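Next come two complexes, and both contain chain A; in the first it sits with chain B, in the second with chain C.
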Partner chain A sequence: MAKVSELRIAGMTLGEITKIYVSSTLGKVSIALFVILIGASIYAAVTLPPNFGSLWNNPLYWQIYPKDAPPAWVNYLSGNGYAPQVMFGREVSTQGSTVRFSFEVDNEYSVPWRDLYIVIKPMSGSSTFTAYLSIRRPDGYVITIGPLLISSMYTEVGTTQQVESQVIQFYLAKYGYMLTVPQGLSAVPYIFSTVSSGSLKPLKGIYVINLTLIANNPSKGIGNRLISLVLEGNVYGLMGTDAVGHDLWLGLLAGFPLSLEVGVVYALISTAIAIAVGLAAGFMGGVVDEVLTRLTDFVILIPAFVILVVLSVLLRLNIWQAMLYLAILSWGGAARIIRSITMQIRTAAYIELAKVGGASNLWILRNHALPQILPYALYLIVVGVPGAILTLAGLNFLNLAGANYPTWGNILYYAEQYGALESGMWWWVVPPGLLIVLVAVTFIVTALAIEPIVNPRLRR
Partner chain B sequence: MGVPLLEVRNLSVNYTTMRGVVKALDRVSFDLDENETIAVVGETGSGKSTIAKAIVRVLEENARITGGEVIFEGVDVLKLSEEEFRRSYRWVKVAMVPQGSMNSLNPVLRVVDQMIEPLVLRGVPKVDAIKIAGEALESVGLPKDTLNRYPHQLSGGMKQRVIIAMAIQARPKLVILDEPTSALDVMTQANIMNLLKRLKREFKLSYIFITHDLALASELADKVLVLYAGRVAELGSADLVYTDPKHPYTQGLMTSVPTLREDKKLSFIPGEVPSLINPPSGCRFHPRCPYVMDICRREDPPMIDLKDGRKVACWLYH
Partner chain C sequence: MSMLRGIALRIINLTVILLVVLIVIAAVLSGPASQVLKDTIQRETSEMVTTIMLHHPMTPAQAEQLKQTIIKQLENAYGLNKPVYIRVFYVLFNILSFNWGFSYYPDAYGVPSGSVVSIIMFALPGTIILDTLGILLSALIGIELGLRAALKYGSLYDRAITYYGAVDSGIPQWWVGILMILVFAVYLRLIHSPIVFPYGGIVDPQYYNVWLYDTAKAFINPKILASLLYHMVLPMLTVFIVNIGGWAYFARSVVLNIIREDYVTFARVKGLPQGQVVSRYIMRPAMPAILTSIFISIPFIIFGGFLLTEAVFQWWGLGYVLNIAIVGVPTPDMPVILADTYMSTLLYIVLVFILEILIYYIDPRIRESQG
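Now for the complex of A and B:
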């Protein structure tokens, strides 16, 4: 016996649709791509801290990260041996006014660390510390650095006048070598170098770094703190860093959920408007049709992107508002097609039969018109998503319609501003570009894969 | 028999178009008894389908009933509210097989979804509606599993049967068949005609059989109504109209039916159906009539009752 209540799209149950979809190569590819996109989005949502937006926009937080560093895996490709970021941390909880501990680090790189940071968390304004570092090198020499005044969470060691002169002193005393540290650059790389036949060479081997930290106010003591030493690398992480030191991996990751959400919400809104307008115009006819068709023509004619740029500047839109305006500006073409589909349905012989059968307009709309429009609407949603993502990436690239979060388009904007491509910083430009393409391709492949469902003539 | 099942009295319908008012029906009257068939014949544009649509009240938006009554079982259904008519007459007592019913099935819905539509709309629970639809399909000679088919999986004849099943499933007293066999091949046509005859017997149906095919109409008709340019030309029992047509237009129609056995030249009526926006003065048929008289050009012919019970609108019989 026939069942009636089952949901059907284009005359097929969801099970049948799934079967057709999965059986096609494009369907499989699109499912794989979706798994990647959705997986990355979930991973981002789970791993990124809730205040990631404010962290990203706080340059202080990124101070200890290397700047302009390529991804760590370039070592495998170039064999250059760039030292990666290294961090040692220790939790201390003491009433005493002095702590002392040591770390070991193996320098096996031909390009040593750029700088050294002492990080103390938490750090309040009133308490300050004095730090001494003594570094035992593989050649048995010891470089002593200090005393350093520590009054903030991050203390950069390498560029202070005092450290510079101490390193220069060391080179003079041990090698009789007159070291010149270029203006504004860190002296830290020279700690990991030696002089051989009159020129500087990296010194590989085990280094032992001893840190002595003394509270300047002995009555307060050290207290409960996390004390870390950070060796700033020349390469960083999976995706490298930008000029501020932002870990691009995190920035790119944050773009996944944002892009998908913005794209999907856009597609739903614009499709809903198109269906409402198209159905009303096509079904009611007369004055309603006339008015809505003129409105549709108007919406089709106006250049959405240009208006969006203007609105973004004037109203300082964020990405969500820009998405909303884009949806309001771009339903025209779809509405026109839905109107013509609806008109075709309205004048069809089966509508007359339905009317003879006693169907009201609303019934006809729901039971005869909507099921035929639904597959097209599905298609509209799928092709709408990449369109919105690309358009909004374009806006972001103009540094408009930004979000609290870094968007891929926004990362590209800063890359362009910094001249990243000209200076060969491909890791700052290529990945966000590729990700935008990836999302677009995913939805386009999906659109191709659902075509046999939407258009029964393509079914085998 | 006292009151006829259906009485149509002076029914007039106008269409408002861009070019003017089309007088599609002008004072059309006829009666129909229970289990009786009236064939409405005429050329394209004579107003055949308008009669059907007016009786079930599904005229286009630009059409207006300007006068007359449609009395069904003693009730003037034109005076009922739309809701009342929908609930207790349309499809319940008067069903319709619309013109071009080959295309009257929504291609994206299964047969069952469409068949139960008029029932569900009248509050029949879905389960019962499906059962009724299944039985209706069996009574038109289709297997029950046709319910789960889509229209494109059915042949033209099967689609026609589905539509007929839809029309009879609520057990109406009157079924209006608007060219039910056009676009079907002759074998299928014959099949459908036999089916219609059988259903008429089984369910005691009355038919209004609208067609331009006189030969086909003779199969089923008890009465014939010849329509010309929105007016009744001749109305009478099928035997009389077929054997001895009185109105010149009916005569012309009869001689234009091809026959298989005789090798005679097919005659036709010269000229064409007049414009209904600006119909000819007097008798609307006079420009094409071979027996045209002066009075025909000036005055409308009255409806003349002949001795054999026929009605003819022609000055010849005055």
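Now for the complex of A and C:
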């Protein structure tokens, strides 16, 4: 039986490599980081809806989400008691023209909800409804709101003139207090407030919200619909929201698979070019070497970023095309390294021996050169990823090289455009950058960890 | 004599590379550059015909015919009707002769004239100051830190520098700038700190006129100089945080290789003081290698980092102008983007050239091999 030849890289079997890798602290850290990255990518791929890109770019979808809201967990840190987003939904299937149901909500927050939305899905253009709301407060009073005309999927309750005057009427009648609702702001927070010793205070306790919905066309009835009441919070979810109401957690999640894919594909392409050029230059020598070395020097000198900027503006590149151009523009450094390794191999004594023994160039390439170059290639692939991720994030920060999905750089671009920085919205500005750093650092740590494997001189 | 010849060779080498870079850029840009030129011709011809009509009344048809004739002649003169490979050289000539046309949105840049040359020239001092100072200072500090780390090989300090240097290249410089503004401009104001830093800008707005039209004067006036330094604190800090690590990392690994050489051990054994060993026996041979290794990473540092950092801090430089030209106006302002690309490439080539001369000057091996 023929002995199965064992695959050896840099003189080690795969088992030995794994052992060295796992035994070092850096190797462990890099494995942990990769588990996080890949886990987040898989989670994103599974949980995000397939049309997430178009959802993200549709402001209507996000209008019931709070705007500029910090993450919900700031409540634990600051104890401020911001009310989080609350949503009640009920499936209705009736031929009758009236539905009535009630929800309970416990207001234990010192900053009450900002606004109230009535959401009806699906909503066709022809059918309209009339809604009445009556809210029984913990102090026993009842605020009645309505009739409200509902003609679209999302109906905002708080800022209509009618609701404002109804809330003001309530305050006049019950407390003799002259309430002023600031121009353009919602009256909903005042539903959850009371007057004590002449000033407004939040009123904590259980609120019962009764919704009565009447179809304006009795012959059609209500039909099959999902009717929801949304209380717009002051804090939202894990990562807060931006000025449009985008749930930033979803946006950040969508960036994981995208930046990993783009970075890795870039590194594969640019390293492939570098190996081709470096091997050709190192092995063929002579005129080919001279020309390819000049070309490499030239590519190293090319200011890739500005050229990419110009190309992205001109050709309206998306992130994949920009990645491709970047790979074409920036293989120089890697090719130079591959060439010098190839030169070392070529001038080694065993190669001359092989030649004397009648080995063809191709045989030498396959059996002597490639096995020595491959570990370096792997190293170069890992080293190449952070640069690409940073460069493409920079392009995205200029709102160039966009993707269907939101990218971290693009989220930062919108943050800067909306003045998130000046208003101190850290939850919009800090996490995207941290994630860019996380991905880049993962690959850097991996490079550090595989350095001793690739470069035997560093092995202890 | 031999040294001069070597430098001359380097100059020729780099000029060729600059020309090739320019030709590539010109080839890529020949389409939009021609469009820019055509727009300029249209505009100038319209003005010309209007002036002529003041003295020689014409019918609209005659005027239109005259206009078309002039446009045709000018396009001929500029080579716009030639095939692409010839037009590239016209574009090249226009770029090299500062014939950059007019901005589509002249009001967006805070510069009164809409000519691209003035927009770019007003932006140049800011970029030169930030980039030169930033690169120079972070190189000095970084090499010093890396050297110390290598001398204390294996210590806690050494490991800290190594990790910092490695991680540093994975941090987007512009994002660090954003964090700096968030912490030192926004939050310090929120807690009413006595010392706060500006949100951005290059000098206080009331000095913009002096800065733009009389930059040299701005450096003599102590008030404006103080304002400039005050505005420079955060961008410079950002540049330091992100760039020092890289220098330190390269310097450390180069010095570590040299420190194990026999002649260093011998110098130590000979009883030479530590300072002399470091400066003459370690740093002298290390410098070319450090400079060369930083050489390869410069395109990323300069073009990724500095341009966007300027944009974040609204530091009146090429990056700031580029940012306005791309996202600050309704449609991309092609003439400005073009000229900005060319100017930053030129700056970059000059920087590379200075580095080359420096390496040449301090590395006798290169001198000998070429001399």
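FYI, the second predicted complex is superposed on the first by the 456 of 460 C-alpha atoms of A that agree within 3 Å, B and C clash if a C-alpha of one lies under 4 Å from a C-alpha of the other, contacts with A are read in each partner's own complex, and residues count from 1 in each chain.
To be clear about the criterion, a residue touches a chain if its C-beta (ideal position, glycine included) is under 8 Å from a C-beta of that chain, and two chains touch if they have at least 3 such contacts.
Please read these numbers as outputs of a predicted model, since none were measured by experiment.
Undergrad: For the overlay on chain A, clash or fit between chain B and chain C?
TA: Superposition check on chain A shows chain B and chain C fit without a clash.
Undergrad: Tell me which partner A:K355 touches in the superposition: chain B (first), chain C (second), both or neither.
TA: It touches chain B, and chain C stays clear.
Undergrad: Quick check for you: in the superposed arrangement, does A:D297 touch first (chain B), second (chain C), both or neither?
TA: In the superposed model, A:D297 contacts chain C only, not chain B.
Undergrad: Does the superposition put A:V306 against chain B (first), chain C (second), both, or neither?
TA: second
Undergrad: Go through the superposed model and pick first if A:P371 touches only chain B, second if only chain C, both, or neither.
TA: first
Undergrad: Is A:W363 in contact with chain B, with chain C, with both, or with neither (first, second, both, neither)?
TA: A:W363: touches chain B, not chain C.
Undergrad: Taking the C-alpha centre of chain A as the vertex, compute the angle to the C-alpha centres of chain B and chain C, in steps of 10 degrees.
TA: Apex at chain A; the opening toward chain B and chain C is 60 degrees.
Undergrad: State whether chain B or chain C is in contact with more residues of chain A in the superposed arrangement.
TA: Touching more of chain A: C.
Undergrad: Taking the superposition as given, does A:P59 touch the first partner, chain B, the second, chain C, both, or neither?
TA: It touches nothing on chain B or chain C.
Undergrad: Upon superposition of the two complexes, what minimum C-alpha distance (Å) separates chain B from chain C?
TA: Distance of closest C-alpha approach: 18 Å.
Undergrad: Okay, in this complex, where on chain B does chain A touch?
TA: Within the complex, chain B touches chain A at residues 56, 58, 86-87, 90-91, 95-96, 98-101, 103-106, 108-110, 112-114, 116-118, 121-122, 126, 130, 134, 147-148, 150, 163, 166.
Undergrad: List the residues on chain A that touch chain B in their complex, please.
TA: Those residues of chain A that touch chain B are 1-2, 4-5, 10-11, 348-350, 352-359, 363, 367-368, 371-372.
Undergrad: Applying the document's contact rule, which stretches of chain A touch chain C when the two form their complex?
TA: 297-298, 300-307, 309-311, 313-314, 330, 332-333, 336, 386-387, 390-391, 393-394, 397-400, 412-413, 416-417, 421-424, 426, 429-430, 433, 436-437, 440-441, 443-445, 448
Undergrad: Which residues, counting only chain C, touch chain A once they are in their complex?
TA: Within the complex, chain C touches chain A at residues 17, 20-21, 24-25, 28-29, 31-32, 166-167, 169-172, 174-175, 178-179, 181-182, 186-187, 190, 199, 295-297, 299-300, 302-304, 307-308, 311-312, 322-323, 326-327, 332, 334, 337-338, 340-341, 344-345, 348-349, 352.
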